[in-house]
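Take a look at the structures listed below.
Below, chain A partners chain B and then partners chain C, in two separate complexes.
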Partner chain A sequence: MSDRRRFLKSSAAVIGGVAVGGIKPAVAQRMDDTSGEYWSLGYEPNTPDDPRVYGQRSRYVTSLRTYNPKRTRATDDIHTPLQDIEGFVTPAPLHFNVNHGSAIPDIDPSTHKFMIHGMVDKPLVFTMEELKRFPSVSRFHFVECSYNAAPPERRYPDATVARTHGQTSCSLWTGVPLSVLLKETGIKDGATWIVAEGGEAKKRTKSIPLSKALDDAIVAWGQNGEPVRPEQGFPLRLVTPGYEGPANVKWLRRIKLGAQPWIAHADNPGHTTLRPDGKGRWFEFEMGVNSVITRPSGGQQMPGRGFHPITGLAWSGGGAITRVEVSTDGGRTWDDAQLEGPAHRFAHTRFYMPWKWQGGEAVIMSRATDEHGDVQPSLHELNQIYGVQTDYWLKIKDSRGHFNPIQPWRITAEGSITNAVWEI
Partner chain B sequence: MQYGKFSLVILVTTLIINSGACAQVRTYPDLGTTPSAEQLKDWDISINVSGDELPPGSGIASQGETIYMQRCVGCHGQNLEGTSLGKPLVGGQGTLGTLTPKKTIGVYWPFATPIWDFINRSMPPNLYNIPVDPSQKLTADQVYALTAFILYKNNIIAENEVMDRETLPKVEMPNRDGFIPTNLDDVLDYRGRGCRAGTCP
Partner chain C sequence: MSDRRRFLKSSAAVIGGVAVGGIKPAVAQRMDDTSGEYWSLGYEPNTPDDPRVYGQRSRYVTSLRTYNPKRTRATDDIHTPLQDIEGFVTPAPLHFNVNHGSAIPDIDPSTHKFMIHGMVDKPLVFTMEELKRFPSVSRFHFVECSYNAAPPERRYPDATVARTHGQTSCSLWTGVPLSVLLKETGIKDGATWIVAEGGEAKKRTKSIPLSKALDDAIVAWGQNGEPVRPEQGFPLRLVTPGYEGPANVKWLRRIKLGAQPWIAHADNPGHTTLRPDGKGRWFEFEMGVNSVITRPSGGQQMPGRGFHPITGLAWSGGGAITRVEVSTDGGRTWDDAQLEGPAHRFAHTRFYMPWKWQGGEAVIMSRATDEHGDVQPSLHELNQIYGVQTDYWLKIKDSRGHFNPIQPWRITAEGSITNAVWEI
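Here is the complex of A and B:
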């Protein structure tokens, strides 16, 4: 509630409906009361000023997104507080946010248009109203920044899970499958790629295989039951399940079909990782199978010995999570965790394991497996794939996307919890 | 008339073949409208590596330098070396395999057309959504000139080389073979090229 509202409300209560300072308190009527005045409020009922018509969380709930004020451009790199998230859905106001230096555009949905053209039989332009008349789907999918959990985020021992892994969030996205729209436009022989373009000032684009567009991409206007938030692409966002963040183009205004990728700025140099030999890996598309324990996690303090369930999130750009194992002894032994509820494809999946903390030092970590049988690598395994030693990750001055090694948390005998990814 | 009948058969056959190839049976024919030629031209700003989407126009480095000094220098620096507000547009040779790699245009970018595309769509950046004065929008000639200037400053083209829709796609970038897989047609087969668990070979 705004201070003004709080003030108006209390003054209305004290003075009993007498106008204060020139602001006339409105008079609300009970829905079933036709007799006239019933009680006085400090606001017009059923307007956006009315605190009843759009619910607020309790003032005792203080969970917030976080960002590094030194590093962050206006609206970039704002992380989800994963340690506070319940279940597997991220509330839209806590969804992580990266805008690559663009201001969030203020798009009027009544004039917004979305065009499909290029190697199609019939280019088409849709209004929002027209799009919403297509048969729609609602699906749980995570969106993850390519640089989520990259070495700089995990650099410090006191890093929280918001800092290390807070650039992934999971929403229920509602929209029309792109395949439905492409059936309307038709597809010319030889088309193999699409390029999707945003309507922000910089008009960022991303090249995406046509096969993905036809498979499961959604042209989405809904997020967790509400219109997509402006910072997430209002009024329209392309959702490419499991693909790196930039492929989930926000403020979507155009898709073009072609026979080759466009090598847009976000295709290269923006989102390519380097091999140690200097070759670039481009078009890595799928985010790797990943997981992290969110409670207990970095920066928290164990409140005391005894029962402490271990819980966290697992997800994979390869599809559904099929298994999560948890170790409480630094990776020597592993036990299967329970997966909560149905494991949706390309969605966060909550895992849970009962555990008793005996008060001693413990290193806890999780390891996910997805429907392809791909297993989240340890840092050692990733080092082998890359042909490097651990210190390479700390020394290299380059953004490292697609970095998904297991995240260990060290619980000290005193119960404080630190990031131990470089130690194990 | 023999001849007329024959051509009618051809016409009908062509129609059938065409509609077959298009599979143009719309399920929701009342949703969506056909864009006008003007709308298509206005919106279609993507430039692929073959360059066949490039508009007419041309420019050379010296023209680009003049524009650069007015519109770009504040963020990208006197010598294109970059500032805290904008990336370096030159330098970085020999760094890719080191611990301080620089993914600059001359060192890293495999094609020249994306420079044109990026300047045209994103530069100078409009950070605060200020409505753009149409006279401030870079023209195609200006974007060719700026692209020529940046390429020249990277020692990739000569000072007097004209950049246009024919010449720009033919510019050979030093790092064209610096990517795995090198061949664009091989990119699509994600698992076939050995990518797994989020990492490609």
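Here is the complex of A and C:
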């Protein structure tokens, strides 16, 4: 029982006592030096607005998320202000958010249930309280929209890094490994896929290979030390490290095991990309190796000539970031940046490079490499795979998922910074 | 410039334009499909109260900090609700807070300055912007009040774990190693100590060995991915991993190097403990190896017989936690708990042990060991060092710092849970 609820209950009892027997009122009892009972309650019933019980940030800290007002879906396409993030964790109030048109469900955790069924030996339904009886793990993982950093949003010359890349965020996720729960249910021979279903109005579903479920997926109730935020799936989210956003099913209510993938809500070709042979991938899960310079970045202004280090974030659906290179001359030469270690697997990793801006024009960009040796492509390299010209990206209206080319920022002689994604 | 400030500026310009030249009003311009300029602004001026730009927790999540209303210092002795924390990180709004009677200063980071002087080759003054040009590190560290878990607050039978142990919290701290800044200033031969000064009204100071400053101290501006919270030292805090709270100087404005310790504000004997030979330690920095069971814990009620795992937090000023043992029979027998790895150095570490409660009386407790082999003492062992009887702790009015004996919780046959600290 929370302290607040205990307070309300205790107060009621004492007030009842006053009415019938003249017992000291609660306030006096609270001031009693030897009483521990009321110690934690404060002078008045606590409310979350009281900064003594729920702290607030400085009035000088005004960083906010941004969103696209043209969307009628008011809780969709909300972007993290990557330019303001310190270190590699995203504060929960600034986590990006995409809900695909569903309102955020208002789920009471005391009645929420999560079912595992299908090709299992023993279907099971868990309450939140039952899930929390299992040994927990806590791991840092990014979640990234499959359309993050994609055209057409990435096309605008005046775009900030919040707009171009702000649909990835990194949290400490706490929960029980899905593999532990699947040990409880057992797995029938022949099962190779799961489908996970969320609890929002649309009940979005996503097919995921069983191998991933057994490898490192987490049924998570904690985010950065507190319960998962409503926008991120409160009270329960499936976290599939390194997999595209839709595979990290929010408001998780059901997982079914089967012998083939389902044609689920989020299993549409818009989420996939072309192969070099021109055929489309039907299922694509891992987000590509990616990076972006967050300071200096689009929309910012260089404060003057001199020493201005370059810093940013790198991440990969393939695992840990092992190297980030930075170029300050439009890609002609590259230098290794420092990584702010340790680089957690499937997590944002901050990089840093000292740099002295001489005041002339410069194009700065970063290129990440992951533990498999995968290197972030240039737009030119990506175009060769897709078989398109750069013009294509400027004209298409639909987004393309899994779009991870190098992001250049152009610094003018006057020190203003613009998006140069199509220029190199 | 933040998006919000940019919005205000842009709006003013456009409205001015309407007045003199009939330019399209800002709202229409924002709806223009090809304009990127206003994309990030929303339909209306954003305010932090808008959950679209600054997210909120679920209305079912009501965990709050608690404080002692008997204190006239309204921002002192604010405790973390350890029983509600997920994983090992403390959410910033729930971080404990002790200010020693000073109001939280309202510091404008754009004018804040930090000086290093004394026995250095070249005294330097840094602005926040200058500090952020250095390569940053991000590390998990607990900060713990030297009086955490101490009598007399720990004496009450009905105390919750928030009350007994809630003056320790764990954050991801981001900043520049102090050693990097001291390379810039140089260090004169013979310097062996630093004194660090905060920017609150009282300008609290604390002497710290130079060896610690060079080893792993961080001049931190980031906490859990956002700027350090005002209560925790915004805009700048000295983080001295594993050292008692006062050595983690908040609102950091000055560090002076010298050849001996100062008799500083926080260098008083109340913060130190007795040695086995009966002499007092003048300076004591490292917090002892400690742990506490957070669930089930004081004030909670067992929901019924059956499987109820035991979980809690362990930490040590000596480095990483390497082992936590749990007893469910009042200390007669002990079993190794699982650690939720990796156990970061000088950070909270979660432990877990499966347990089946049979419905009878039980006394549960945990005992931590750190990387140096230091083992958390029993109260009996601690009494032998202090040369006192248990009665002493029940009667003293002043707190004793660095008080880390094992914390037992008594579970009655009816399942209510009380503080049994003096019973074993």
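In this text, the second predicted complex is superposed on the first by the 365 of 424 C-alpha atoms of A that agree within 3 Å, B and C clash if a C-alpha of one lies under 4 Å from a C-alpha of the other, contacts with A are read in each partner's own complex, and residues count from 1 in each chain.
In this text, a contact is a pair of C-beta atoms (placed from the backbone, for glycine too) under 8 Å apart; a residue touches a chain by one contact, two chains touch by 3 or more.
It should be emphasised that the depicted structure is a prediction, and the values quoted were computed from it without experimental measurement.
Visitor: Please indicate which partner A:Asn224 is in contact with in the superposed arrangement: first for chain B, second for chain C, both, or neither.
Guide: The second partner, chain C, only.
Visitor: In the overlay, answer first, second, both or neither for which of chain B and chain C A:Ser58 touches.
Guide: second
Visitor: May I ask you to name which of chain B and chain C touches more residues of chain A?
Guide: In the superposed model, C touches more residues of chain A.
Visitor: Who does A:Thr412 touch here: chain B (first), chain C (second), both, or neither?
Guide: A:Thr412 contacts neither chain B nor chain C.
Visitor: With both complexes superposed on chain A, which partner does A:Pro105 reach: first (chain B), second (chain C), both or neither?
Guide: The answer is first: A:Pro105 touches chain B but not chain C.
Visitor: Would you sort A:Gln384 into first (chain B), second (chain C), both or neither based on which partner it touches?
Guide: A:Gln384: touches no partner chain.
Visitor: Determine, under the contact definition given at the top, whether A:Val137 touches first (chain B), second (chain C), both, or neither.
Guide: Second partner only.
Visitor: Should A:Thr66 be classified as contacting the first partner (chain B), the second (chain C), both, or neither?
Guide: Touch status of A:Thr66: second partner only.
Visitor: Take the contacts of chain A with chain B and those with chain C, and give the residues found in both.
Guide: In chain A, positions 74, 106, 133-134 sit in both the chain B and chain C interfaces.
Visitor: Which positions of chain B touch chain A when the two form their complex?
Guide: 21-24, 26-28, 31-35, 39-40, 43-50, 96-101, 103, 108-111, 113-114, 117-118, 121-122, 125-129, 175, 178-180, 184, 187-188, 190, 195-200
Visitor: Can you check the complex and tell me which residues of chain A touch chain B?
Guide: Per the stated touch rule, the residues are 74, 101-106, 115, 117, 121-126, 130-131, 133-134, 180, 183-184, 186, 189, 192-193, 195, 197, 201-205, 209, 211, 253-254, 256, 258, 260-265, 268-269, 272, 274-290, 317-318, 372, 374-377, 382, 385, 392, 395-398, 402, 404.
Visitor: Can you list the residues on chain C that touch chain A in the complex?
Guide: Residue positions touching the partner: 1-6, 30-31, 33, 36-43, 46, 48, 52-70, 74-75, 78-79, 81, 84-95, 97, 106-110, 129, 133-138, 156-160, 162-163, 172, 174, 221-227, 229-231, 234-235, 299-301, 303, 307-309, 311, 338, 340, 350, 352, 354.
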